[in-house]
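Next up, some structures in structure tokens.
Two complexes come next, and they have one chain in common, chain A, joined by chain B in the first and chain C in the second.
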Partner chain A sequence: MKGDRKYIVLFLFPAAAIMTIFLYYPFFKSLYLSFYRTSGFFDKKFVGWANYERLVTDKLLGAATLHTLEIMLYVIVFQVGIALVLAVLVDNIAKFKGFYRTVFFFPVVISGTAISLLFVLFYNYNFGLLNNLLANFNIEKILWLDAKNALKAVSIPTVWHYVGFYFILFLTAMAKIPADYYEAAKLEGITGIKKTTMLTIPLIMSDIKVVITLAITGTLKIFEFIWVITSGQNGTEVLGTYMYKKAMVDQNFGYGSAVAIYMVVFGVVLALIANRLLKRDEITY
Partner chain B sequence: MKRTSMLLMSVMLLLSMFLAACGNSGSTNTPAAEGETPKTETPPAEENAPVSLRVFSTFGGTDAAREAFQAALDEFTAAHPNVKIENDTMSANDDGFRTKVNTDMNSGNEPDLLFYFIGADAEGFVNAGKVVPLNEILDANADWKNGFIPDALELAKQKDGNIYAAPLTGFYEGLFVNKKIFEENGLELPTDWAKLTTAVKTLSAKGIIPLSVPFDQSHYLIEHTILSAAGPESQSKGLIDGIDPNWEKAYAAMKELYDLGAFPKDAATIDLSMSGNYYSEGLAAMTIEGSWAVGGWSDDTRDNSTVLPFPTVPDGAGSGNDIVGGFGSGFYLSKSTYDDAAKKDTAVELLKHLTSPATIQKIASANGGTPAADVEVTGLAQVALDGFAMAAKADSISAPVDSKVSQETFGNLRASVQPVVEGKKTPTQAIEEAKKTEDANKK
Partner chain C sequence: MEPTIVVEHKTQRVRKSRFSLGTTLMYVILTAWSLTTIYPLFWIVNNSFKVSRDVMNNSFGIAWDPVLINYQNAFDRINIGRSYINSLVMSFSTVFLVLLLGGLAAYVLSRFNFRGKKTIFSILYATLLIPAFATVVPVYELLIKTSLVNTYWGLIFPQTAGNLTFATLVIAGYMATIPKELEEAAFMDGCNRWQMFVKIFVPISQPVFASASIFVFMWAYNDLFSALIFVNKENVRPIVALLNEISSQYGTDFGLMATAVSLTVIPVLIVYLFISKYIQKGLTEGAVKG
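Take a look at the complex of A and B:
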């Protein structure tokens, strides 16, 4: 053991160094900057808590938080829900398992920006695909991205993009369940939906918990879909785009950093709440 | 085996010490004295020593002058085989470009030559001494200096009166009009507000988009309405000394246009390229753009377009013949390159080459900008010639209002467009909020 220590340190070092440079350093730098009023890159002045006072009174930030929460709801219900349904279905078929696994996982590999550009062309009012279809049926064009629909419209690609990822997580979790459980269930005459709800889902509950936590923290990072499809207009501003606008477009890095810190705190709090709500005994088999 | 690697290590160590020493001598306060010593000792080596330069510009991607610019670089490397140029580009359409430049300048990763905006945008790195004033180099090279139109150099000055950027081509912005659509609908060209509103009413009733602009990337709409509402003098003062009540009229005018149905139905969510697309495809009769956009339009639209100054908004202080334009960008020479004896002369040569009348002529022919040298630009579309004529006849040419207020203030003005036109905010509130941001920024 003693001789191993050298190697342990040696092997941990690269990961620790990378984490420090790309994660901890920027985080603490943001914390530091959030106490400054910056204007451009060359000018900054200590302002104490002023940026945090602004956070509390900022109506746009409040709206962005609500929009993020709304998307989070869609993500938990639909992204996780659809992934679970698909996983159950694929787990129960004998043939083409690999094929479906690839097909459903595919969107995850495509860049979010590319998907967003695709959806820009779906939703566009004047020559979008959807309105062209409607025009073929002589139905009046619809403004897909108006103030009422915009948030739902951008949630669709957001949800669709990552379904495959959670689908794979669920599928691997299901593959871990020992076959004798199912054999016993079969002898007891439990099949179909009952088997899924009484056996499969309870047995992968800990994975579902992980997935929900991932979904919650993942939603806080949503950026490219909103940025490309609506650039935060019509009630679609989320925390990620708001932070970017403040820091990069307005070049107010101080306030942008304060928003970033708020996002971190908000995310940790949400994850803790989710963990508390989903608390259950771990199942071992 | 071990010995060779040790040897290699020590050689590398030695070399890196050399490099460090060179770097130090470059940044000491007496660059001239130290820089000259190697030059006098080995003049031929200096001539042929490989030099690699990084040129950062916006001449990439879909830029109309991309090929002309690359050709200019190739010309230089052909004449100086020892020079290697890295042509580093990024689109100017996005704010990410500003971030990239500022991060580079701030983190010691300056490009040798930088093509960037002149004015408030550059203030940060200019004041931090990251680029060298070109005045002396210009005076020492009369040929080069005389190549420029004096006005272009005058407009390239920073606040402190020094020239840091060598201009290449200038720009103008204006109200671009598709004459064919106007003719087909029996409309007069929108030379004043009444004609503009009549045109808007008629066109929107017929289902043609009257004025294609986005709300979020509403830079040009804001620039023109504020200029015509406040007049050139008040526009150039910005917001720092107080609010000129005329500024509000810009937002009132936008609301009036919106109520008449002037903007695309999806103006809230489209970006600048999509709104340009509507104009290019003939779906829209007018757009507010800059000279650089002309090259990107479909041939049909380009041939039918002309450009007018944006008419004075109701009760505005502008004359109706004020335009937005100028020499908004140019080539900067970074301080670290200038202090580096190995690069200095080559970089200055390249700078001279890139802003020589011949290169300016080629770039201007490609992007339709106003040349900074007295050269004949050929092969331009009629609309570009209309633009030059408009700029020549204008009562005043002002830099856009985003260079008169802070970035965040302009962001605030942009964010107010949609709420104001939809009646969720009054024009007064919009300007007052912007003023608050401006004050907070200048604290």
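Take a look at the complex of A and C:
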């Protein structure tokens, strides 16, 4: 259309401007800062790869990486797994579909911080819900947040929080499968679990791939559950909380930035690996 | 008419009774999971109406004589009302800016042909991989230099930038499916590009705007990390930052904690119940499939 050029520039400019100022410039500035030793904002000295060398030998960072990976495993197995099972079940029932869809999504709309606080009340040693429950059965109280249990304890709310989100994505994908596929299967005598494993799951494989990628990149961003429930103590430090501590609590902007860049690279690598492992041809109906 | 209905009813019944065991099991599992999403909410609201001592000693008991002391404390002592307003102002502003800027950008990216369009899309997809962690330090520095730190804009701008990519991609995906004939008809009627955007593309794309706004609102409202850094002064602090403060300052006052959580959660849930169909619809439009 005539005069389009003007509108292209006009309409793209505001978004481009705000993203440049608050996203792209800061990202490259972080990259730049990761090569500096800083104290405060105004005093910095170029140190080359020193921050990155420190990354490699930083035992706490190694631990945080492992904790993040462990949570990621739980997220992929349980969060995605439960979501898939629930979606298959809801797809196969006739009544109350709407009810389950609505209530399964509840945790997703609640802030992670509120959920964390809720779990603080659950896990409290003296008065928490869980130990109350155990007391009812005369079982001895458990330290839910000690070094042995803490990482699993913080994984539970993390997993629980987003099951509903992936559940809806799976359900949506299943709704797109044309009905005649199922009718054909029925004629062949394929029903029940066989129908699910031979038809439904393969047909939504590309969605499963998307969900797993989302789960991986999402896990790298975990922050509030850990921060509120344990502050990263007792072997629950993850990359997000570690970066926050280095950059904002210690005000070590140079090293904090190096940790952040490491997180980005780590995320990209994991996403690429996942995509390679789960490579499949897209199915179009 | 009537006989046919009866027949249908019968066949349905027969089929159901045949699979009743499996079906029952499915409902049992689904109901069990729904209890995990409903009961904790009931538990927390129930306990918010008890004094702390009762929360500690008898958290399962139903608060037949509700006390409002915790609610009084929440508003008087920790000024939760103020945080509420802060949260709402900042989150709604973010949603508004994201939809406006993202909508315009999406319109251009989905309906115009120009060189470099593919590159822009590639850049946008790559942008999804930049987490807040990788921008926080320079943004903080920038906000301090411009005196925006601990003001509403200090959270609105970074969150807008952070959510724009998602919103733009989702809205563009939806707008790309709108038939070209509509555009041509509007052009015949003498609409320019701006009028076309306002009069045709925005109204038709309502479902995707609705679902995008819900997600942006949720992410903005719930974002503790940015809030802790950019707006952590009492007068601008959003509700999630206050919750974090409560857990470290008033960690022993169980009643107050339960109340604070209830006050954060319940309004969001009520709003959600009214608009849940848009969320499902928005996701159904193939939106999130990147």
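The rule is simple: the second predicted complex is superposed on the first by the 262 of 285 C-alpha atoms of A that agree within 3 Å, B and C clash if a C-alpha of one lies under 4 Å from a C-alpha of the other, contacts with A are read in each partner's own complex, and residues count from 1 in each chain.
Here is the rule we go by: contacts are C-beta pairs under 8 Å (C-beta built on N, C-alpha and C of every residue); 3 or more make two chains touch, one makes a residue touch a chain.
Bear in mind that the values here come from a model prediction, so they are computed numbers and not experimental data.
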Now for A:Leu86: first (chain B), second (chain C), both, or neither, which partner does it touch?
second
Have a look at where A:Ala150 lands relative to chain B and chain C in the superposition and call it first, second, both or neither.
first
So, A:Asn126: does it touch chain B (first), chain C (second), both, or neither?
both
Spot which of chain B and chain C makes contact with more residues of chain A, would you?
C
Which partner does A:Gly62 reach: the first (chain B), the second (chain C), both, or neither?
neither
Figure out whether A:Arg37 sits in contact with chain B (first) or chain C (second), or with both, or with neither.
first
Touching partner for A:Met248 - first (chain B), second (chain C), both, neither:
both
Regarding the shared-chain residue A:Ala260, is it in contact with chain B (first), chain C (second), both, or neither?
second
Figure out whether A:Asn234 sits in contact with chain B (first) or chain C (second), or with both, or with neither.
first
Let me test your reading of the model: by the given contact rule, A:Leu220 touches which partner, first (chain B), second (chain C), both or neither?
second
Contact residues common to both interfaces of chain A (with chain B and with chain C)
41, 120, 124, 126-127, 248
Given the complex, residues on chain A that touch chain B span 37, 39-43, 45, 60, 120, 124-127, 143, 145-147, 150, 229-234, 245-246, 248-252
In the complex, chain B touches chain A at residues 95-96, 98-99, 102-103, 105-106, 123-125, 127-128, 209, 215-217, 264-266, 268-271, 274, 278, 281, 283, 406-408, 411-412, 415, 418, 440-443
Name, in rising order, each residue of chain C that touches chain A in their complex.
16, 22-23, 26-27, 29-30, 33-34, 36-38, 40-41, 43-44, 47, 55-57, 59-60, 97, 100-102, 104-105, 107-109, 112, 114, 120, 127-142, 144, 157-158, 160-162, 164-165, 168, 187, 192-194, 197, 218, 221-222, 224-225, 228-229, 239-240, 243-244, 246-247, 251, 254, 257-258, 260-261, 264-265, 268-269, 272-273, 276, 279-280, 283-284, 288-290
Residue numbers on chain A that touch chain C, as the complex places them
1, 3-5, 7-8, 11-12, 14-16, 18-19, 21-27, 29-30, 33, 41, 82, 85-86, 89-90, 92-94, 96, 99-114, 116-118, 120-122, 124, 126-127, 129, 132, 160, 163-164, 168-169, 172, 175, 192, 207, 210, 217, 220-221, 223-224, 227-228, 239-240, 243-244, 247-248, 253, 256-257, 259-261, 263-264, 267-268, 271
